[in-house]
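You will see chain A twice below: alongside chain B first, and alongside chain C after that.
Let's look at the complex of A and B:
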């Protein structure tokens, strides 16, 4: 995929991230919870994973944060050193990390939403 | 006409580790706020990414999967109880402050790339003045720092003083 396309996707992910992260932080602090300790309780957390709207927000946040974070890391590493093999190693590593993070995050979301 | 002297020795770039390269660049003259903002953007970004990696696995304990991975109410509550302490709260506070700065400063960088915020190019007349940080950019950068400070105060109230 062209680097310009990757950057365009990154812009879209940033916009999604700005909205979903702000909401996620608010939901841990004051939105629908009675303090931070309440936000960390099992009942509050699992109820969010079973609510369709909340789980959609978490899914978008997971995808946007993983893409933006790993794309940023890839840019830093590619700026540090150059070369075809280094480019390949960095891209493969970031794709591998993305698979692990998205895979585990989606596993949690799917299983919790399904009531496991 | 004599032949040109050509060195056959392989060019060697000095090998420096990633952190040294980044930090030295940030503080090397000419120093300006924009370079420091980019350094802070990178440091906060990598820090948040590291936090996200562990956050995904910690919150993953909310479900006890059919795959035999330990999880469920007891494991999740135990883990959250373990992480509910002042040291972990300081880490969470740093994440919130870093995310706030990273977000607002990131908007500034996006506007630089996509709009005319960078300003019109001018002839470099003596005494040379950097054009990089114009009024618009400075305002956003100051907003990012101010919001990071405010989020730190809000974080202290929410995490340490139990405010809802």
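Let's look at the complex of A and C:
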């Protein structure tokens, strides 16, 4: 994939992060049932995972944060060393990490949404 | 914007050998002389370790760092190596590290530096050929990669261009400031990414890629895009801005790279 395509996706993910993170924090602080004091209680946290809108928001946040973070890591590693084989190792590592992070995160979201 | 480059990697400091040339037994505080601390190193000499050598140079009005180096070469040490040509900021040959900052030796007057001791060394991010002279092979390789000339179908077909390629003032202003580049390489010396990634095209080559890509007479975008939209192309730039801070001709290569990124996106979207 071209660098410009990866960068373009990164810009989109940054915008998605800005919106979803702001909404996520707002939901934690202001939109909770009993306000900020109750925001981190078990019941409030679980109730968010049962709400379709909240789950969609968390899913987008997970995808955007994973891509943005790993894209940054990839850039740092590619600056650190150069070479075709290193490029391949870095790409495989970041894709692998993305699969693990998205898999684990989605598993949590889906299981909580399903009431497990 | 002023970016201090004190943290830029400096040549290895080893033994300081003081070889002073004192014409009239002047002291350090004498305003009629200046101490020039010059990096000396010959990588080909087996026993040659990098070292800083101090020379006392007579001060005169308008004395530039290049003048001082020439004085040392003529009067004290004719083995001192540095590169220069026009002596008036046009050829871009005398780029060097002056008091830790990439500058042109011919355009930098010693009086304006405001220091008793002037430290001169080779540009960072380049291999040392000898003393202050550096190897520009990679720099020109990167410059050639972006095809720094107007590409037109006539060139490929071998047909003559039969009409003038007129431009409006607006079309010329799209790229004009980047045409002022004298290829002195100071921007690449200041760039932290060039220091990390030797394959990174660097601010000079990337700004020139924009310069030709933005020229209404050019038709070579597809060829150039392959080079600039690569893992070591314009998207490696992290906007440190030090390239623009050191340019002696007032060119803003940092902006050139950002405009190039925009150009890549625009043409990519237009293509699809």
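Basically, the second predicted complex is superposed on the first by the 111 of 116 C-alpha atoms of A that agree within 3 Å, B and C clash if a C-alpha of one lies under 4 Å from a C-alpha of the other, contacts with A are read in each partner's own complex, and residues count from 1 in each chain.
The rule we apply is simple: a contact is a pair of C-beta atoms (placed from the backbone, for glycine too) under 8 Å apart; a residue touches a chain by one contact, two chains touch by 3 or more.
This structure is a prediction, so every number in the text was calculated from the model and none was measured.
Chemist: I'd like to know which partner A:80 touches here: chain B for first, chain C for second, both or neither.
Modeler: Touch status of A:80: both partners.
Chemist: Using the touch definition from the top, say if A:65 reaches chain B (first), chain C (second), both or neither.
Modeler: In the superposition, A:65 touches chain B alone.
Chemist: Taking the superposition on A as described, I'd like to know which of chain B and chain C A:104 touches: first, second, both or neither.
Modeler: In the superposed model, A:104 contacts chain B only, not chain C.
Chemist: May I ask you to name which of chain B and chain C touches more residues of chain A?
Modeler: It is B that touches the greater number of chain A residues.
Chemist: After superposition on the shared chain, which partner residues are touched by A:4: those of chain B (first), chain C (second), both, or neither?
Modeler: Touch status of A:4: second partner only.
Chemist: Which partner chains sit in contact with A:25 here, chain B, chain C, both or neither? Use first/second/both/neither.
Modeler: first
Chemist: Following superposition on chain A, which residues of chain A contact chain B and also contact chain C?
Modeler: 80
Chemist: Could you list, by residue number, the parts of chain A that touch chain C in their complex?
Modeler: That would be residues 2-8, 75, 78-80, 82, 87 of chain A.
Chemist: What residues of chain A sit close enough to touch chain B in their complex?
Modeler: Touching chain B from chain A are residues 11, 14, 17-18, 21, 25, 29-30, 33-38, 40-42, 45-46, 49, 62, 65-66, 69-70, 72-73, 76-77, 80, 97, 101, 104-105, 107-108, 111-112, 116.
Chemist: Which residues of chain B touch chain A in the complex?
Modeler: Chain B residues touching chain A: 18, 21-22, 42, 45-46, 48-49, 52-53, 56-57, 59-60, 62-66, 73, 76-77, 80, 83-84, 96, 99, 103, 106-107, 110, 114, 154, 158-159, 162-164.
Chemist: Tell me, which parts of chain C touch chain A in their complex?
Modeler: Touching chain A: residues 193, 196-199, 229-233, 235-236, 261, 264-265, 268 of chain C.
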